[in-house]
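Could you have a look at this structure, given as structure tokens, before my questions?
Labels for the chains are A, B and C, by order of writing; each one numbers its residues from 1.
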Amino acid sequence: MESLLHQVLSGLATGGIYASMALALVMIYQATHHINFAQGEMAMASTYLAWSLIAAGLPYWLAFILTVALSFVAGVAIERILLRPVANAPVLSVIIVFIGLLVIFNSLAGWIFTYTIKTFPTPFSSEPLLGGLISTHEVGATAVTLTVLALLYLFFRFTPLGLAMRAAAQNPVSSRLCGIRVGWMLALGWGLAAAIGAVAGMMIAPIVFLDPNMMSGVLLYAFAGALIGGIDNPVGAVVGGFIVGVLENLAGAYVIGTELKLSFALVVIVGVLVVKPSGLFGRVLVSRV
Amino acid sequence: MPALLEATALRAYYGAVPVLHGLSFAVPDGGIATLLGANGAGKTTTLRAVTKMIRVDGEIRFAGERIDGRSTEDIVRRGIAHVPDGRGTFVDLTVEENLRVGAITRRDRGVTSDFDRMYGYFPRLKERRRQQAGTLSGGEQQMLAIARALMLRPRLLLLDEPSFGLAPLLVEEIFRIMRLINQQERVSILLVEQNASLALDLADEAFLIETGRLVLAGKAADLAKAESVRRSYLGY
Amino acid sequence: MANTTIGRSAPATLAAAPWRIVAGVLLFAGAIALPFGLSDYQAFQVTLALSYAIAVLGLNMLTGFSGQISLGHGAFYAIGAYTTAILMDRYDWPYWATLPVAGADCLIIGFLFGLPALRLEGLYLALATLALAVATPQLLKANALEDWTGGVQGITILKPDPPAFLPIDADRWLYFFTLAVAALMFLLAWNILRGRIGRALRAIRDHALAAEAMGINLATYKAWVFGVSAMFTGVAGALSAIAVQFVGPDSFDVFLSIRLLTGMVVGGLGSITGAIWGALFIEYVPNIADQISKAAPWAIYGIFLIGFMYAMPTGVAGGLRLLARRLIGRRPPSNG
């Protein structure tokens, strides 16, 4: 029973990270109707940046803030420079561009930092809490991701810029007719998504260790979480992320063993989708002919 | 009155298909102009051309400056508000958020009082201000669309078929408010309207369009008496 | 919403224009002569490229022609490869006899996977197939299946000998064998896609609701297409196993599926000849990238990918078509 609780709590901690990545995916999807397949690798690159800054002597939280800021800028730059030219290309062509980005980031990281696994420091201690149910880092990571999610919610709900971004994502034509520069709203969305990814990467690196491939599993879970929640629904994405985190841990511990837990979790998720294709909270779209 | 908006020799295209063939018209400063014509004549296309929602050749001047090369956002920021056909409501935002988006480019302090003014014109919107805009009826969404456009404090308002699908009483109300806004706040209006008698009653100047070409132009009162207009568009 | 129509209309008919016949003969002669001018390794590369061409063709039938995105075709490549390896190594089957079995089991598994999976649309289907791709290496390494799959170590098989009456070596023979199978598969695909079935697929791709309203049984067709497309890719996998003489779980990871996808898009969606261009890209660009930068070859590969998409969003086949149209468009029509 205790071990079940431990798995669930751990699952919620990693689930929070999946939730924030899922939110980043949904944000970009809502605004552009594209899935950013390179989201994970961008987060990985940000984490390596943080690692370099820390290795160069910067205190943790300064490196953290700097990394988030630089990731934001990089996200904006990628949208403006790389993605505007293919804005009207066929869907699969854009997917290939994302895959290209993914592969470039992965390869460059491996080249610059080598593929040896590195440890990434946590600003919280690794002491176990609650009698071994959960580690301090997991609590801290959950707190950080929940803070990020809360800040995003407040931003989108209560600030003019957040409103403009929501409007631009929902209805770009009407937004232009209100004077909103939709292109820049898109770029900002990308910047935010990159920043979220950076936070997610820095929170999960102490758990899974830093190497160029560390985010591929995370991205897959985030993707799955977003779909389970309904790809057009930010709240759903967050809930979906938490569900996937818990599911992954429980599957790994009780059903299938760690070697197959990735596949098992995904298979279950696919099962859910076959039963309810638009996700748990997604709107069922009625197609008008 | 000098012209606030002047369009010269407009050619507009949907893809490769030409829809407007060298159209010219003008909106008097502080006045109301109306574009009349049957379905498919090109009236909506003309409005879209002004706010660059489609590809257009020709010259468009707003307060003397050329705007035809600029992007939609830039044109709007110069003070032209466009209520499109279909209304363009932000269906997932609340009524109040819709209005707020309308004012989003403004930097002055008058925004809060403008909310009150809009609710004054359209009390039904005030009742529903926290409701999701997509749940409003057609007439309410039309009022919302106009209010949203007015939140910009535009100098020129483009209105596309405001009477479409609305009950006659509501249409009268909307036209009354249009007259009020024009007189009290000196908002010039370019109106596209299939209901010719309503339009000619409101407007100062009128332009009759057939298949993308101008066939008749002049004072609204004169066009209302013209034989061809009476027979084809006013029904008598 | 971004442009959702992918691929184009019917594959070109084999009109008997004289220049097409000449080109065809030259191509045929070139294909026969080719392996003799190459080193053993180069012949092996071309053989592998041919198997990729079949795999990409299979994927194209599903994604390019019927508009269903699959990020998991590497799984069927793996199933075909392992089928061949297991039959040859454990049961001493001759290599050529394993191909039909590899095709058949992929057809069945593809069909069965397609039945529920194709209820999903677009991104949801992409995730489902991605799950398949990710699961594949893990399943191949699983302890429970180790007796069959050889677990982490995989299975090694022997290069088949050329028939006694032909005076060529094993590598050349393998090339011709693969070439013959490829020609057969391409002919089969062309036949399927230009007829009634091809039209039905394009109808489904372009407007599924209307297609259904016209009487096309969506679920059956989609599952069937998935099965056939899996079959093609499975046969390709089988051929690759014979050429490489080894199957191991890590050869069939997610990146294989990604490579097949990129090959299809680079070659041209909905284009049969595009599969060949795509296969060439898959086989040779990594090598070129490796030569440009030993340290980060995938970064170069990624740059190539992005460059291709900017320059030729409709793939090589699409680009060539545009070029041909521009060149031929300058000449007056031949029948005045």
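Please note the rule applied: a contact is a pair of C-beta atoms (placed from the backbone, for glycine too) under 8 Å apart; a residue touches a chain by one contact, two chains touch by 3 or more.
Computed from a predicted model, the values in this text were never measured in an experiment.
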Between chain pairs A-C and A-B, which one is joined by a greater number of C-beta pairs in contact?
A-C
Maximum centroid distance from chain B, chain identifier (CA atoms)
C
Can you tell me which chain is nearest the middle of the complex, judged by mean CA position?
A
Averaging C-alpha coordinates per chain, one finds the centres of chain B and chain C separated by a number of Å equal to 55
Measuring from the mean C-alpha position of chain A to the mean C-alpha position of chain C, what distance in angstrom results?
32
Averaging C-alpha coordinates per chain, one finds the centres of chain A and chain B separated by a number of Å equal to 43
Complex contact set, residues of chain A against chain C:
32-35, 82, 85-97, 99-104, 106-108, 110-111, 216, 220, 223-224, 227, 231, 259-260, 262-263, 266-267, 269-270, 273-274, 277, 287, 289
Residues of chain A defined as touching chain B within the complex
160, 163-164, 166-167, 170-171, 173-182
Touching residues of chain B toward chain A in the complex: what are they?
51, 53, 71-73, 76-77, 81-82, 84, 88-93, 97, 100-102, 104-105, 148, 152
Residue positions on chain C within touch of chain A in the complex are 1-6, 63, 69, 116-117, 119-121, 123-124, 126-128, 130-131, 134-135, 138-139, 141-142, 209-210, 213, 254, 258, 261-262, 265-266, 269, 295-299, 301-306, 308-310, 313-314
